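In the two assemblies presented below, chain A is common to both, partnered first by chain B and then by chain C.
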Partner chain A sequence: MNRRNAMTALAVLVLAVIADALLSRVQGDGPKGAEAAAVWWLLAGWVLLLWFVLGRLAQLRGRVLGLLAPALFGLAMLYLWEIAVVGWDVPRVLLPAPHAVGEALAARWGALRADFRQTAVSVVAGYCAGCGAGFGVALLADRYRLLQRGLLPLAGMAGAVPIVGIAPIMVMWFGFDWQSKAAVAAIVTFFPMLVNTLAGLASVDAMHRDLMRTYGAGHLATLLKLRLPSALPFVFNALKINSTLALISAIVAEFFGSPIYGLGFRISAEVARMNVDVVWAAIALAALAGSVFYGLIALVERAMTFWHASYRS
Partner chain B sequence: MRTEKPSWAQSVGPVALVAAVLIVVWYAAAVWLNAPQVIERFDGIGNPWGARELVDATWSMERPVLPAPHQIVADWWASVFGADLDSPRSLVYHAGVTLSSTILGFALGLALGVLIAIGVVHSRVLDRGLLPWIIASQTIPILAIAPMVVVVLGSLGYPPLVSKAVISMYLCFFPVAVGMVKGLRSPEVLQLDLMRTWSATPAQRLVKLRLPAAVPFLFASARIAIATSLIGAIVGELPTGAQAGLGARLLSGSYFGQTIQIWSALLMASLLGVLLVAAVGAVERLVARWMGAAA
Partner chain C sequence: MRITKPTRLLTGMALAFAAAGAQAQDKITLQLKWVTQAQFAGYYVAKDKGFYKDAGLDVTIKAGGPDINPSQVIAGGGADVVVDWMPSALATREKGVPLVNIAQVFQRSGMELTCRNDSGVKTPADFKGKTLGVWFSGNEYPFLSWMDKLGLKTNGEPDGVKVLKQGFNVDPLLQKQAACISTMTYNEYWQLIEAGMKPEQLTVFKYEDQGVATLEDGLYATEKTLADPKMAEKLARFVKASMKGWDYAVKNQDEAVKIVLKNDASGAQKEGHQKRMMGEIAKLVGTGKTGQLDMKAYERTVDTLMNGKSDPVITKKPVGAVTDKIFVASQK
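Moving on, here comes the complex of A and B:
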């Protein structure tokens, strides 16, 4: 380890020590008078040092080392959130401290797990149905030009429309349980998949298509061996967009009526009781689930489209 | 299949055909979905009925499972042109409430997104520390915080307009920030070098090269952002019995089983969305002409 890196590591250590000392000073009744001023000045210095360290870390490259800067940045944001909320006695209703959210997550783990399961079922069911239907219709529209010309402008317009507003209708039709949420998620995810798959199928190089023609390949063979594989990056793009969309639409649909569990239900019920820390815990859970869902799809994408230019650096 | 885009005129016929098929399917579905209730009612009063009566009744119910398209359009027409503009019966009034917070949130989100993008492009710390979080946060269902923002800001005494605009701002600023970072970085090395040979200051580089280069990216993001801003405003109107706005209209419709009212509010929301995106497109064309792009 050279001297420069040793300095940075030492600075990180100093940051951690000061951070811990500051936090323990502002807890409880908090500092008064001159001590309070000293604490806030020290915090300002801490932020300056943080900026310097981040500048150093930002120069590091590499798979693991490159993650250091965002990791420290995220931790620092959490810490500033914590110390601001604790230090200024921000009302719990306005913004709970991260540790309060963590405690709420631990204390209500049983209920939140049931909520998560309920929402996950509707998200996965709706996601599969919507993406599957969008893909199937895209294949049909690709085969029949008339359908494509008619459908594509309408599907494009659907991007401007707040489709999630269909939720109250779906709740009336399919009841309070997961089926109505899955229906909303399916409708919302249908259009991005349709539009992206069609764009992907159209993205094939003229040269490649001509080559298939010289081989005497028919529509099906061209589709299976050339056009579907080259549409895969577009399909995965839709799958990734849809993973977030499905989660959002299921949660919003739960605002319109649900059984006594589900992340959306928990959020709206606990907001009404002003238990904001539980709400944040539910949101943290949803955020984590969203990222993991997205990450899984990204992994599958990497495995299936390893040949694509964006992965061959 | 050719890859070029079909012209506008080539699309009109097929679009009309697909729309017509959808409407026919809709009418058929209205008969199919509403029939059980109608038959029950007919049998209840001992009325003899045939296919014609059945179809007529299913297309004119007061609270149908699926209203027929003409019922939705009639309700939409009545509540847009038949009511005083400031009465809560008027859909224009509700659309106006939603529109104002959509636009306010969009403007705030746009400003915040552009500012963050400028910061990211000029500071390596923000680039390596903050940008990964902005990108990662796109996988988060941010809309879930909507009820909390409305209730918390409401309890602090802010009007609903502000809290809805805050939600829209949250939703808007992510696509704008990500798009603008891409746009501000889009000038080529050669162009940046040229700016350096003219000894341009960073501010001049930003104003004369990076910002103009980012304009197409800005508008591409703005189209997405304004649609999500509308969704944010509508979802922000759902919690805690908001009295006005398209979202409140959806919610009250679902409480009282007024399906026609829900559908006409949805129709209004869709029109609003399409109009807003078209407006962004129009501004884009104006700006492009003003900047001297070939029309």
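Moving on, here comes the complex of A and C:
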């Protein structure tokens, strides 16, 4: 290990030691007056050291080493949250500390797991339905110009409908269970998929299209061999956007009538019971699920559109 | 310059007016439990008829709504005094927000479970295996206590009940999505009737009759507010004027309804519905001293909440959750 890396490693160690010391000092009946000011000044210095270390770590390259900077950043954010809440004695019902959220996650894991399963069913069903419908309608609108003119403005309106308006109506139509939440997710994901697919189909180079014409290729052959593959980057764009949209809309839809499980139900019921740490645990679970969903689609995208210019570094 | 008699007189008058103006400045913010409706007639009447002004108070009434939990509003500093139900207030107190009951406006509970006869529910024994609609946001505690008393699990097991988090409307019953839904005697039940259902088609289980009633609309403030003698004195004046408003509203219901409708910013409330609501609310306010908390009813509420074998709403007997200090001061 060269001298530079050794200094960075030492700095990380110093960060950890100071962090631990500061946190244990502010627990319980913390310091008062001048000593309290000293603690906050020391924390400010700690942040500066963190900045320096992150700068060094961000220059590392490689599969594992490249993750060090984001990992340290994430941990540092959690730490600052913890020390701010504990140090300033923030009421638990306003903002719980990360350790309280972790405890709630562990204590209520059974219920949260069942909630997650319920929401996941509606998210996946709605996502597939909405993206499938958007894709299908885009293909039709591409083939028949008349549909494109008439349908696009209507689809735009469907995309602008607020979730909080459409959710109670879906509950009335499809009942309280996962079907109504899937319907909301489908409506919300329809428009981005439609618009992006159309844009992708239209993005084909005119020269390539002429070439297919000279080969005597019909609409279907041109579609399958040229236009759909070119449209893939756009389609994946929509799929990635829709992954988070579907999750958000399903959770919000659960606020408006649901059985007594589901991430949205858990958030709304526990916030009213002032169990804010359980709320944050549910939020953390939803955020994690959303990131994993997004990441999976990004991986598939990488595999299928490796040829695209954006992957050339 | 010499201070002449007229100048002294004018200065004296100016100071007196300033003092009088300053006295009318005592601001108090009240957070209601729900939207503007006859359920809160007493406060709107007190404001409109000038009872608050006479007491030297400038009261801001904040309407509530879906997912506005008054206990959370006061915890966040958004109000000085809130209207809330006792189960929610006690549960919040246990979570670390020191709410204290300073007056109990409703002596009886208006909560009930309304069932369709064609769902096969005639007695509480028929609940097994059925779907029941319940509000959450702090209103689920009496229901959970009742189910616990009946020995019915609420997680959807075949020999328990399936619970739906109902929205603030009566559609689940109209659409047969639930066998029973939660209603208030003064609001949702009448929404069912207005939607076309007939009383003969419905069976109503009042929480009062089932022995699981808990105290509802009451006034709550935080311990910190009560510890400040100036605020305590302001609250005493507020309670006095509010109870005067309630007495007036119960005696002059039509006028009270007009005042409520005038204050309804949304314009969504209808006069006929509000008149019926006012009539039902008057039955809940009770016949004793308006605003006085009946300690026996308080004990009953605490027992109901603590008796949940599997999931009690509160785990220990509350200490210091109620005070008669303000009410006694308001009676002077």
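Assume the second predicted complex is superposed on the first by the 289 of 313 C-alpha atoms of A that agree within 3 Å, B and C clash if a C-alpha of one lies under 4 Å from a C-alpha of the other, contacts with A are read in each partner's own complex, and residues count from 1 in each chain.
As a working rule, a contact is a pair of C-beta atoms (placed from the backbone, for glycine too) under 8 Å apart; a residue touches a chain by one contact, two chains touch by 3 or more.
Remember, predicted model here, so these are calculated numbers, not experimental data.
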Q. In the superposed model on chain A, is it clash or fit for chain B and chain C?
A. clash
Q: Quick one: classify A:M157 as touching chain B (first), chain C (second), both or neither.
A: first
Q) Touching A:L139, do we find chain B (first), chain C (second), both, or neither? A) neither
(Q) Once chain A of both complexes is superposed, is A:V124 in touch with chain B (first), chain C (second), both, or neither? (A) neither
(Q) Under the stated touch criterion, which partner chain does A:R149 make contact with: chain B (first), chain C (second), both, or neither? (A) first
Q: Specify the partner with more touching residues on chain A, choosing between chain B and chain C.
A: B
Q) Where does A:A11 make contact in the superposed view: on chain B (first), on chain C (second), on both, or on neither? A) neither
Q.
If we overlay the two complexes on their shared chain A, which of chain B and chain C does A:T244 touch? Say first, second, both or neither.
A. first
Q: Give one of first, second, both or neither to describe whether A:I283 is in contact with chain B, with chain C, with both, or with none.
A: first
Q. Which holds for A:L23: it touches chain B only (first), chain C only (second), both, or neither?
A. neither
Q.
Applying the document's definition of touch, where does A:I260 land relative to chain B and chain C: first, second, both, or neither?
A. second
Q | Contact residues of chain A, present in both the chain B and the chain C interface | A | 93-94, 168, 171-172, 255-257, 268, 271-272, 274
**Q.** chain B residues within the chain A interface of the complex
**A.** 1, 3, 6, 10-11, 13-19, 65, 124-125, 127-130, 132-133, 136, 138-145, 147-148, 151-152, 155-156, 223-224, 227, 230-231, 234-235, 238-240, 246-247, 250-251, 253-254, 257, 259, 262-263, 265-266, 269-270, 273-274, 276-277
Q: In the complex, go through chain C and note every residue touching chain A.
A: 67, 69, 71-72, 75-76, 88, 91-92, 95-97, 136-138, 140, 154-156, 162-167, 169, 171-172, 175, 177
Q. Where on chain A does chain C make contact in their complex?
A. 91-94, 168, 171-172, 175-176, 255-260, 265, 268-269, 271-275
Q) In their shared complex, at which residues does chain A touch chain B? A) 51, 54-55, 57-59, 66, 69-70, 72-74, 77, 93-94, 142, 145-154, 157, 159-162, 164-169, 171-173, 201-204, 206, 243-244, 247-248, 251-252, 255-257, 263-264, 267-268, 271-272, 274, 276, 279-280, 282-283, 286-287, 290-291, 293-295
